[in-house]
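Following: one structure in structure tokens, then a few remarks.
Each chain carries a letter (A, B, C and D) given by its place in the written order, and its residues are counted from 1.
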Amino acid sequence: MMATQFPYITAILATTLIGALVTILLPEKKHLAIKLTAVISSFITLVLSFILFLFFDRTANGFQFIEKTPWLPQIGITYHVGIDGIGLSMILLTGVIFFAGALISSHEFKPGGLLGAVGRPKEFFALLFILVAGVFGVFVSLDLFFLFLFYEMAVLPMYLLIAIWGTGKKEYSAMKLTLYLLLGSTFILVGILAIFFASGLKTFDWVSLNSIALPKNLQLFIFPLFFVGFGILAGLWPFHTWSPDGHASAPSAVSMLHAGVLMKLGAFGIIRVALPLLPYGAQVYCPFFASLTVVNIVYGALVALAQKDLKYVIAYSSVSHMGIVMFGICSLNSLGISGSVFQMFSHGVMTGLFFALVGCIYGRTHTRTLSEMGGLAKLAPFLAVAFSIGGLASLGLPGTSGFVAELLVLLGAFRAYPVLTVIAATGIVITAIYVLRVLQNIFFAGLKDRFVAPGAGHKGDHHHIEISDAVMAERWPLSILLALLVVLGVYPSLLINLINPGVTAILQKLGGPF
Amino acid sequence: MIPVKEALILASLLFAIGIYGALTRKNMVGIFMSIELIFNSACLSFVIFTRYLDPAKLSGEIFVLFIISIAAAEIAIGLALLLSIYRTYKDVSGDAISLMKG
Amino acid sequence: MFKFAGLALLCPLLSFLVISFFTRKSDRLSAFVSIAAILGSLASSVMLFALVLSQPGNHELTTVWMKFPVNINIEFGFLLNPLSAVMLLVVTSVSFLVQVYSMGYMKGDPAFRKYYAFLSLFSFSMIGLVLANNFLEMYIFWEMVGLSSYLLIGHWYHKPEAAVAAKKAFVVTRFGDFGFLVAILILSAKTGTFNFLQLEGMLGGGILTSGMITLVALLMFAGAAGKSAQFPLHVWLPDAMEGPTPVSALIHAATMVAAGIYLVARAYFLFSMSETAMLVIAVIGCFTAFFAGSIALAQDDIKKILAYSTVSQLGYMMLALGVGGYTAGFFHLITHASFKALLFLTAGSLIHSLGTNNIWEMGGLFRKMRITAVTFLIGGLALAGVFPTSGYFSKDAILIQVFTSGHYILFAMSLATVGFTAFYMSRAFFVVFLSTEKFGKKHPHESPAVMWVPLVILSIFALGLGAWTNGFNALIFFGGPAHETEHDLFVPIVSSCVAFLSALLAWAIYQKRFAFLTALAPRFSAITTVLRNKYYIDEFYAFCVNRVLYVISNASAWVDRNVVDGAVNGTAYLVGASANVLRKIQTGRVQNYALGIFGGVVTLWLLFSMVK
Amino acid sequence: MIEKFQFYIFAAMLIMSAAGVVTLKNIFHSALLLGVALLSVAGLYLLTGAEFLAAVQIIVYIGGILTLIIFAVMFTKDLSDKHVRQTNGQKPAAFMISSVIFGVMTYGILRSPLPDRDQAVKIADTASIGRVLFRDYVLAFEVLSVVLLIALAGVIIIAMKEKKK
């Protein structure tokens, strides 16, 4: 097919990097041009990823859209990119979240908006672009060196994005996040180098490395390194504490990208690197890590229940949900891993939605404390509906993608660890409690006196805050995310059929599908 | 001809003395002088080695020439710096200047 | 045949979407769309019922929902047989009547369209639940009815009680659903399928050990108990009365709460394989019936009386299923749907007219609201099981079943419950309709036709469904049709006597107010207090949630902040502190550094030479 | 034999003067002793047959570098009197380190397979050094000249800047 010869993947990476470049070159004052560049290039990446989705051959096994150019052949580094269904679903997710995030943050840069108070849209978007380029890069890399490079590229801009445009104790959070994630990267780097030297192939190429079996001792030694290293980014308990602080301090779009996409890099890394390259290690360690991830699920939900700050609730719910992702991975069977990839997508969309909504709400009420809100459904029905649907997806209600994901993970995990699965399922019950608690606190029950409809406050009145419903710039991104949640909940095969071949390939390395 | 091993031992002794001086001298000029001793020890070794190993090519001697020229440049710059330090601090002892103290 | 099933399922969904996205501007249009859709469903379910009558047995249509390269069967489909056809008929007809009724009841409500959208969503989910051909699909719709119930209970979300009640309903049922989910997980892991018919075959083939079957059955029963408000998960149902009354009639009396019963009936092949599970079901059902009936005795809110009565009746159905009375239990579900929906709607009519729920603020309404009064009476008689209403037939079938099963304690308790039922219904009737007028300046009036016509239709069903007993017995059965036992008159006579005596007692206390009876009241004050407070179960749960769950949750949050994160910050502090010590090495003196360099070189030399 | 004798004489001179350079309290004396040490090295060069180097050593080191150093000593004269401590507190450690360095190097030299006797030596005359320098090492030579130029300029700039202040 002609269409497949166009280097789509490189085009996606290039679009984001060119976007960054253009943004940097634009004059500081031209806010509109900067925002337009951001929205347009994010839209192009979305379109490109959608084209990939359309042209992707669902019947074929293995990787597609492969591009391969030697980069530093002396030490076996190749620019080798390509996607399987797992990578493709993550690319779609990134495209969607990026687009929504660009829209939302363009909106927030308006005077009086959350980001408008800080200003500097140029630097913000440039960093955002670099981050996204890194994210895309990880999902497409078939070379461990590039994978690591892109991984770092995605992590580092986060520091500036949070420390400059964040809220609250942003410097602390940014520092904690960066140091923690770099700790994880160190583990990964050691693991990658160990593979490089132990394989004897003198190459970082994933495909070549995947075709051989690494020595068992080595696998035993480095599998935990990879799992913990990537797990840190995925919020693995007890290495998760960077995430609530980071998410709570970050601006909306950054939280969206971070919780929505960046945390997935961790889980994706485990699926792409740790499982296929170290199958023996996986079999040995996964029962142990499975119990950690169950702690993630239940404990994350319990802690979320006790939070008073809305963003912290969402952040801890991410910890809990990422636990589901990793739990699915640890099940080491096709239902579980497919489920966790699906959950990665679903949670990405859902949490992107949540953080966008939190931004919308915070921008209106100027508070994130749950007890200070109430009854907002009356003034902002759209936000209420959007939050409710997101919440329902979060508690795994059928008809939303969250259900499919959790169901698949539980079905898969039950075959491997029945008792742990039952414990994990209790976490899902607790999720229902805290999601409904949040919904009730913000949107239902009596409307707080402080909040009035637009136009109802008096001039110069500082006691009342005027609350309006979502405007178009907010409705569009939110609607896209909502639609995805529901469509995938009703017709999951859209993704499942993509994911399955990739998962099967991994399972074959693990000793056949079961 | 001179005995090789003794000569080399002599050079290493000179080197050790130079190190000792560089580590203990308080005055920067003293440090410079110790460094010159170290240079000389190196040069001496070069000459001895080239005599013994490769007398035809003279590479050691050429090297020594370069070292001497560089030493000259070094000492010129070093002393210029020393003078400017002296103007600023009225002191040229090695432990007087500790701006980078942690 | 499947065309009709699909039509019945899709009509309400379409109506939900149309109302949500298109007819947002018009109340009338939204109501019209919704009613038209449910009428479509009703029509197709009638057709379906006719078809099933003509060719009984199981008809299955199934498609793959998600495909996996392992032997697991995630599918979506319809299973049509007499059970689902009858249930479908009940659901669509009650939905239809309630939707019509709501036009009058909800008139002028600011969220009228939302209300109809959610009613449609509910109908869709409920129909899907009924038609499901596998456990997973059933679970999906099961959760969705829970969602619609949540949304409708919280219809007046700005009332804090409503918001809390909605949340409580969702969470409590979710506890039960947890069991259901685990049961599904076990089944899937052991058999690789969720399909009812396949599972029936596999279980018959002995794929599970009996212990495993008991476990699965009990877990599944937990789900059913949550939905059908069985003790100890019954607490949400009375609170759910915060929702609009037609919703209570539809969801919390006739259809959704019966889903638990339906689940047990659907999975009867599973339950009947485990005697332990059956016994548990019977005991819990019986206890719930007795217990909720006793609470209903002392309630003042007319909707709460009916709510506890519903819990109690659902207990009956469970009891029937538990003692093997498959037909009887399910028949009671149907008759109960008709007369309980009727009772709720009449209560709605009263509330609509008076604006209060408290029976003591009503009184003497018989003359003002004749249709309501008569239909209420019919419903009450049916509930109390008086001959010849439908309630008589279904309830006595259950009692006979319990009696013949030999569980005499259960029989005694259910007999007592009959007494309770008769007592609280008579009490409500006497206080509301016959006692002296108390409504003061309010002017009670009969409700509009759009409200009373459904009442009349329902009361016809409540009266006449009993005539269908034999036909029903021949249609819905487990194993083989229930044999025509020669009518043992002992049970009906005893139960009727009990009912009559209780009614008489209520009459004496609340209508005649005989002095010697009212004088007794203080002696029972302790019991009344306990009953009024619903045996303090809510308090116990509140304690569990606030003291236990929130304490655990706060403790975890504390641990997270101070132990887990404390370790992180501690590490950071440790690094900082050691840097504080180590920075003293950084003297700023060049010669010190040189010393370090040479010292290092020397040390390395020595080390290497030692290693050699 | 006479050469060996000459060698030991120069060696003794070198070591004693070097020891003086690093230990004497008077920095001016040290500077003078440094001259002696450099001279001894030049002598050793002569003994090894590198006359050209010996000449360069004397011209550049003693004529240039030593002069500079003495200038510097005189500039900072107020710091070189007897009352000022001329050593820091690192004496013991420095002594240990330098003795270990010496020990290890000596050990290595003694253990090495170098024969005690020199090979037959062709006298390296100035002409051959010039040939090698301008043929084989011409590039390095040119670079060196640039380095020297830069150093020259650098010295001037450093000195000038200070004057402005």
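Quick note on the criterion: contacts are C-beta pairs under 8 Å (C-beta built on N, C-alpha and C of every residue); 3 or more make two chains touch, one makes a residue touch a chain.
Just so you know, these numbers come straight off a predicted model, no measurement behind them.
Touch-path distance (fewest steps) from subunit B to subunit C is 1.
Looking at B-D alongside A-C, one finds more C-beta pairs in contact between the chains of B-D. In terms of their C-alpha centroids, the spacing between subunit B and subunit D amounts to 6 Å.
For the pair subunit A and subunit C, the distance between C-alpha centroids works out to 37 Å.
Each chain gets a centre from the mean of its Cα atoms; for subunit C and subunit D, those two points are 99 Å apart. Taking the mean of the C-alpha atoms as each chain's centre, subunit A and subunit B sit 60 Å apart.
Looking at subunit C, one finds that residues 589, 591-592, 595, 598 touch two or more other chains. The residues of subunit B that reach two or more other chains are 19, 23-24, 94-95, listed in rising order.
Contact with two or more other chains is made by residues 88, 90, 93-94, 97-98, 101 of subunit D. Pairs of chains that satisfy the touch definition comprise A-C, B-C, B-D, C-D.
If you check the complex, the residues on subunit B that touch subunit D are 1-10, 12-21, 23-27, 29-30, 32-34, 36-37, 40, 43-44, 47-48, 51-52, 55-59, 61-62, 64-66, 68-77, 79-84, 86-88, 91-95. Against subunit B, the residues of subunit D that register as touching in their complex are 3-4, 7, 11, 14-15, 18-19, 21-22, 27, 30-31, 34, 37-38, 41, 44-45, 47-50, 52-53, 56-57, 60-61, 64-65, 68-69, 71-73, 75-76, 79-80, 84-88, 90-91, 93-95, 97-99, 101-102, 105-106, 109-110, 112, 114-119, 121-122, 124, 128-129, 132-133, 136-137, 140, 144, 147-148, 151-152, 154-155, 158-159, 161-162, 165. Of all residues in subunit C, those touching subunit B in their complex are 583-592, 594-595, 598.
Across the complex, subunit C meets subunit D through its residues 589, 591-592, 595, 598-599, 601-602, 605-606, 609.
Residue ranges of subunit A in contact with subunit C, taken from their complex: 176, 179-180, 237-238, 240-242, 299, 302-303, 305-307, 333-335, 338, 375, 377-378, 392, 397-399, 403-404, 407-408, 410-411, 414-415, 418, 421-422, 425-426, 428-430, 432-433, 436-437, 440, 443-447, 492-493, 496-497, 500, 504, 513-514.
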